[in-house]
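Structure incoming, see below.
Note that the chains take the letters A, B and C in the order they are written out, and that residue 1 is the start of every chain.
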Amino acid sequence: MSQNIIVKVEDLTMAYNEKPVLWDNDVDIVENSRTAIIGPNGAGKSTLVKGILGLQKTLSGYVEVMGQPVKQVQKKIAYIPQSNSVNWDFPTTALDVVLMGRYVHLGWIKRPRKKDLEKAEQALQKIGMQDYKNRQISQLSGGQRQRVFIARAIAQDAEIYFMDEPLAGVDKNTEKVIIDFLKKSQSQGKTSIVIHHDLNTLAEYFDHLVILNKKIIDQGPMQTTLTKENLAQANLGGWLR
Amino acid sequence: MFSQILLFKISDILDYNQQMLITLLITGIACAILGCFLVLRKLSMITDALAHSILLGIVLAFLITKDLNSPILFIGAGLFGIFTVFSIELLSSTRLVKSDDAVGIIFPLFFSLAVILISTFARNVHLDIDIVLMGQVIMIPLNNIEILGIIIPKAMFYMLLMLVANTLLISIFFKELKISTFDPEFATIAGFSSSLLFYALMTLSSFTAVSAFDAVGAILVIALFIGPAASAYLLTKDLKMMLLVSILFSVANTFIGFFLAMKINVSISGMIAAITGATLLLTVLFNKDGIITAIYLRHKNKKEFRHDLLIMHLGNHQTEPDAELELGFDTIKDHLHWDQDAIERRTTRLIDQGLVFRDQTRKIYRLTEKGQLRYNMIKIDYGM
Amino acid sequence: MDLSILTSYTFLVVCFGTMILASVAGMIGAVTVLKGQSLIGDAIGHSSYPGVIIAFMIGMALDPVLLLIGATLSGTLAFVLVQFIDVNSKLNLDAILATVLSAFFGLGMVLKSYIQGHPIYVKVPQGGLQNYIFGQAAFIRLVDVQLIFVVAIPSIFLLILFYKEFKLFVFDEIYAKSIGLSPSMMYIIMVLMIMGVIATGLKFVGAILISSFLIVPAITAMQWSNRFNRVLLIAAGVGSFSSFIGTYLSSVYAGMSTGPSIILAMSCIAFLSMIIGPHGLIASKIRRREFLADN
């Protein structure tokens, strides 16, 4: 496995209402890894991801993705936000949501073409949701919704996936589908960065780890980073079985 | 007759303007104290719906009684207000629409019906839509009724009645209203039915709105209910204070609006509504946690915070092998992503304070001993 | 039934105007209602009133274009104020909306009473100003309908042009931002379109009721379809059909103002849809019965 750094974060400081949430952090995400970000509540996990993606203002530091500022490579990044950010009453179907993944390639004003529709259908198929393509999004279960969002990321043809707690509140089956998808993407050379909350499945699902508690506690390959000392330092000690 | 001997006229002790002003003050206070609960329960737009839709209640009751001064009109319109609230609740409980949308459907419908009924069936009657919206403050002292031997302007009497009723409800059920406003589910579990209190509040709001409607018009009713309570909400920390402060705001708005309107001879109720908006804006700008303070603090914090950040950066990196890159005189700016100017300004400041020094041999910025202590403090301060 | 009215010039002008207005309003309303901003239109509608009066005071005449500009400016000012207070205080949006709408309308009342008593303005005929509160079809001129066209066509054009962007913005704002779509830009376009509808619609429907042109057809359409594009089309259809009915009623029966009549028609369709629509009360009752029968 190559050891190229695909996401490089240097001295990143971010604040919410002028109170620092993240302090002077350096993060290196290894290309073609399955990296988990863990940390206690309020550790700034979502903030870190939003900072990397340029969704939230930073106070200092900079971010490079694939050696470029993030705005330059937006097309290659797929972001799956926490599911509560979505307007569930919106009248739209699963297929339509997946099709939104193609928008980034279309730019302003242009409409999706047949090719985009095909990509969207394929994406749904990959995640086992083709039978639900005409269902309204609000009529799907939590797990099914999450799969639709994964399909949207697939349709986007991205190189890097950022996911904010994709396994929160989903059924076992969906959890398996999502993890299989991450593993398969890795075999295709893609990188995923996932905020995760379950220490018990951590080593099984991911190969790299970032431990965060306002500051980076430690980062690196799973075997060397997932230690009792590190977890204790992040106030996560009690979580481990 | 006996009653004629004891007959007492409000107009004997208050002149024309005083009768208007006092009626307006009573109206304002009666609305403001209920308004506090409406604002806290996020029901402000319900007053908008009430103010518009009780017109239909008044029209329907009028078509039945054919008398604009009948107490049945008052009761009918009040009940219709409750019906409006009930319709909105019912509609949003079907989950077909959200509660904001339910408000947006119900009140235009009722208001439209009222407008149509007025213009088709009640055309020649003294029920002008202009008056409905803007009221007729100037007419208050002319429309008197006799109650227990006292001749009193009708609007003043009804508003006094509502002020007493509202004060009674709030003082008797203060605890219950407080808890069900703060935590409706807990209140229900504790045995205080939230929906019962909700409808009690709505009943009084409806009757207060109906009484005020006649004198000050629909638009000012909304302003009187919500404006002072919203201003008070920004200034106070507990409910009792909020009630008191809302009364003060209401009195001040009414005084200013009334005298200004009299001076330049314009609509009194319009002026009070406009002043109410203006005082809210001023409160938003100048309260303790308001925008002006926030801008000042934000600026001050930002400056201090950047200095802390610089110290953190130095502390984190000066013992590491990459210190020359991270902290170098010319390279530190790339790592913090600040411009050279800002680096100079901030380091100079910290050097002046004796927290940082220039390590000329390694060409890097470093923390002094005092700076090291500060670094440890910052770490503790920000919980690391 | 008096059908001859259907061919009268005045009827055709007014009917055409309200139908275009309501179909545009229906589509734009669908965006705002889905974005959870339905009562913003109510606040902007009321708040445009003082602008109308100020425009009258400046122009010393009932010039439709000037009044339109006045309405737009004061409505926009109110919107900016609402956003400003919302961002900078802990107040709830509905309390802000209620206070701002009553304060602005109050200011309108103050200005109106000022010009009524003022010797300079007394000479200028002001009868038409009344129509901006409730709308009055009888006072509609061809130029008012032309104004609707001038404003409505660009609005629809914007909506079609940015259809895909609007969809993403309403459905998932954070994802939209992550792929480089600026939400503040979309808000600005949305408010511009709302303002256009309200400012041109004032004379037809009035400041108080114009917001229902945005809300009611949108809610009706949401009862019938799960697709955004169909919701937009149905909202436009419901809006224009109600306008036809409402304008007809108000032309036939003296005293039935156009705005209230249209809203009456719209509301009837809305409630009917909530009862017989595919998600409606009857459908869900049947579903419940089937569910109980199955178990």
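Convention: a residue touches a chain if its C-beta (ideal position, glycine included) is under 8 Å from a C-beta of that chain, and two chains touch if they have at least 3 such contacts.
Fair warning: this is a prediction, and the values are worked out from it, not measured in the lab.
Under the stated contact rule, the graph of chain-to-chain touches is complete, every pair of chains being in contact. A count of C-beta contacts for the chain pairs A-C and A-B puts A-C on top.
For the pair subunit B and subunit C, the distance between mean C-alpha positions equals 25 Å.
For the pair subunit A and subunit B, the distance between C-alpha centroids works out to 41 Å. Those residues of subunit B in touch with two or more other chains are numbered 98. Under the contact definition stated at the top, the residues of subunit C that touch 2 or more other chains are 36, 222.
In subunit A, the positions touching at least two other chains are 89. Looking at the complex, you find that subunit C touches subunit B at residues 33, 36, 38-39, 41-42, 46, 81, 85, 88-92, 94-114, 117, 130, 133-134, 208-209, 211-212, 215-216, 219, 222-223, 253-257, 259-261, 263-264, 267, 270, 274, 279-281. Residues of subunit B that touch subunit A in their complex: 98, 297-298, 301-302, 305-306, 309, 312-313, 316, 326, 334-338, 382-384. Every residue of subunit A that touches subunit B in the complex is listed here, in rising order: 10-11, 13, 15, 18, 20, 23-24, 58-62, 89, 213-215.
The residues of subunit B lying in touch with subunit C in their complex are 39, 42-45, 47-48, 52, 91, 94, 96-98, 100-101, 103-105, 108-109, 111-113, 115-116, 119-120, 123, 129-130, 133-134, 219-220, 222-223, 225-227, 229-230, 233-234, 261, 264-267, 269-274, 276-278, 280-281, 284, 289-291, 294. Residue ranges on subunit C touching subunit A, taken from their complex, read 34-36, 161-165, 167-168, 170-175, 177-181, 222, 225-228, 230-231.
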